[in-house]
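By written order: A, B, C and D. Residues from 1 in each chain.
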Amino acid sequence: MDLEKMLNSSPYHRWLGLQMELVGENEVHIKMPYRQEFAGSDEGINIHGGIISSLIDIAACFAMMNATKRDTPNLNLEVHYTRMAAAGDELIAIARTLKAGRTLGIADVEVKNQDGKLIAAGRSLLSTAAPERKTLTKK
Amino acid sequence: MDLEKMLNSSPYHRWLGLQMELVGENEVHIKMPYRQEFAGSDEGINIHGGIISSLIDIAACFAMMNATKRDTPNLNLEVHYTRMAAAGDELIAIARTLKAGRTLGIADVEVKNQDGKLIAAGRSLLSTAAPERKTLTKK
Amino acid sequence: MDLEKMLNSSPYHRWLGLQMELVGENEVHIKMPYRQEFAGSDEGINIHGGIISSLIDIAACFAMMNATKRDTPNLNLEVHYTRMAAAGDELIAIARTLKAGRTLGIADVEVKNQDGKLIAAGRSLLSTAAPERKTLTKK
Amino acid sequence: MDLEKMLNSSPYHRWLGLQMELVGENEVHIKMPYRQEFAGSDEGINIHGGIISSLIDIAACFAMMNATKRDTPNLNLEVHYTRMAAAGDELIAIARTLKAGRTLGIADVEVKNQDGKLIAAGRSLLSTAAPERKTLTKK
């Protein structure tokens, strides 16, 4: 099973419409096109913060799974919202591992819009203690 | 406009199916019944962490709006996942303000399942600098 | 070895002048009288944030050691500064465990001044995986 | 007044023995040689986490002051401890601004030992709303 298949094996990921854009040595990029239910309000001017925090949670996890070839559940999540994402924006999450230890890992995520503007910065601590997945291969 | 109407005025909130259970002096309770798209995986055994972080983001914001009668956008979000929420669980977020200052506020949120077990604990810093909403009244 | 002795067995704790005020069922209180080196500036009007974050780190750890009878190193630390502590203030940290699991625990800390005003709120994730200390007894 | 003078104008900074190593376009480096009171325990094998969180708090603030020419008090602080710092280690904090807005800024800090190993990673949200210091010039 590769990371792209794993990304699509979750009902919530599919609802979010996530697309694996890049799986690199120490980096994954996940793209999220807009859908109307992402709107924070009926005026529909911005993307809801919860959608952005979800994207960060997921990107951090996939960066760590890529680095460790393990299932790596998020233990905590820290998000700073830096700029409102406009309704209609296509967002991309760029996630890298800062540490990938035997029991714990840390991943950093930047969420940017299609113009490269920083929308949010996130960090997550993840458990890396699960046994290695033999079938988890790079894209 | 009351908090309950505001909760229902967001497409994402409606998709999440959020219900305002209680608006108290320094406390709001928001209930979130299960829907299938919340599942973290196709095996469908747990609720996705992004759903839980969304619930925390929203509950923190509503506790602060209730305390300040202002629109109070979240600036940051810190979430600790303490126990896996099972698919099918009905979750409740209990949010309280720790500080509600002139420019900044802090809200604490506990997410519990129907058995009262702690699923996640969150904290959010919010901006309280917007002008007061004359029409924001308690439920 | 009791918690009070442990508190005094660290050179940094002694420099900070920490005093164990209370060891309760799920709560420890640690007092920190003022010393001149705590000043954030030569004008000497406030206590440095690093002193306050140190107090939070320590109080979280002692609450978790009390709950688990183990050495529980801090893995992360989140601090929100809510009010400037004035030079001369005697601060108290009130720490409680939110979770004390087999491998991880979470502790919450409030730092207050002598008037009961909230100076900072902190949360820490700690490792609880170390073997139990047979000699760690309650005060 | 330059940043180096400001670093030395705080009693707590002087006690920590902080040295400004580099003030760059978007980066400050602050060095902290060891002193015995930094020890976490009388066995003296590690540097106390509170010392490291203090260094992160300070480095974040100086990176933001450098970027904004303003006094920029820390509002919050998030620290992940990644590796024990050994007693005797000389630590260096490398701080960069991720955002420097009109009212808020975010700074990232990495603390490394003399071998370049990552000891801790921190992030801080700071207020940037104070008036500009006319006399705050680059080193």
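Keep in mind that, in the parts below, a contact is a pair of C-beta atoms (placed from the backbone, for glycine too) under 8 Å apart; a residue touches a chain by one contact, two chains touch by 3 or more.
Note that the structure is predicted; figures quoted are calculated from it, not measured.
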Intersection of contact partners for subunit C and subunit D: A, B
Chain separated most widely from subunit D, comparing mean CA positions: B
Rounded Å distance between subunit A and subunit B, as computed from the means of their C-alpha atoms: 21
Inter-centroid spacing, subunit D versus subunit A (mean Cα positions, whole Å): 29
Centroid distance [mean C-alpha coordinates] between subunit D and subunit B, Å: 34
Where subunit C touches two or more other chains at once, by residue number: 75-76, 78, 80, 125
Residue ranges of subunit C touching subunit B (in the complex, touch as defined): 78, 80, 82, 98-99, 101, 106, 118, 121, 123, 125
Residue ranges of subunit D in contact with subunit C within the complex: 9-12, 14-16, 36-42, 44, 48-51, 53-55, 57-58, 73-81
Subunit A residues touching subunit C - in the complex, by the definition given at the top: 75-76, 78, 104, 125
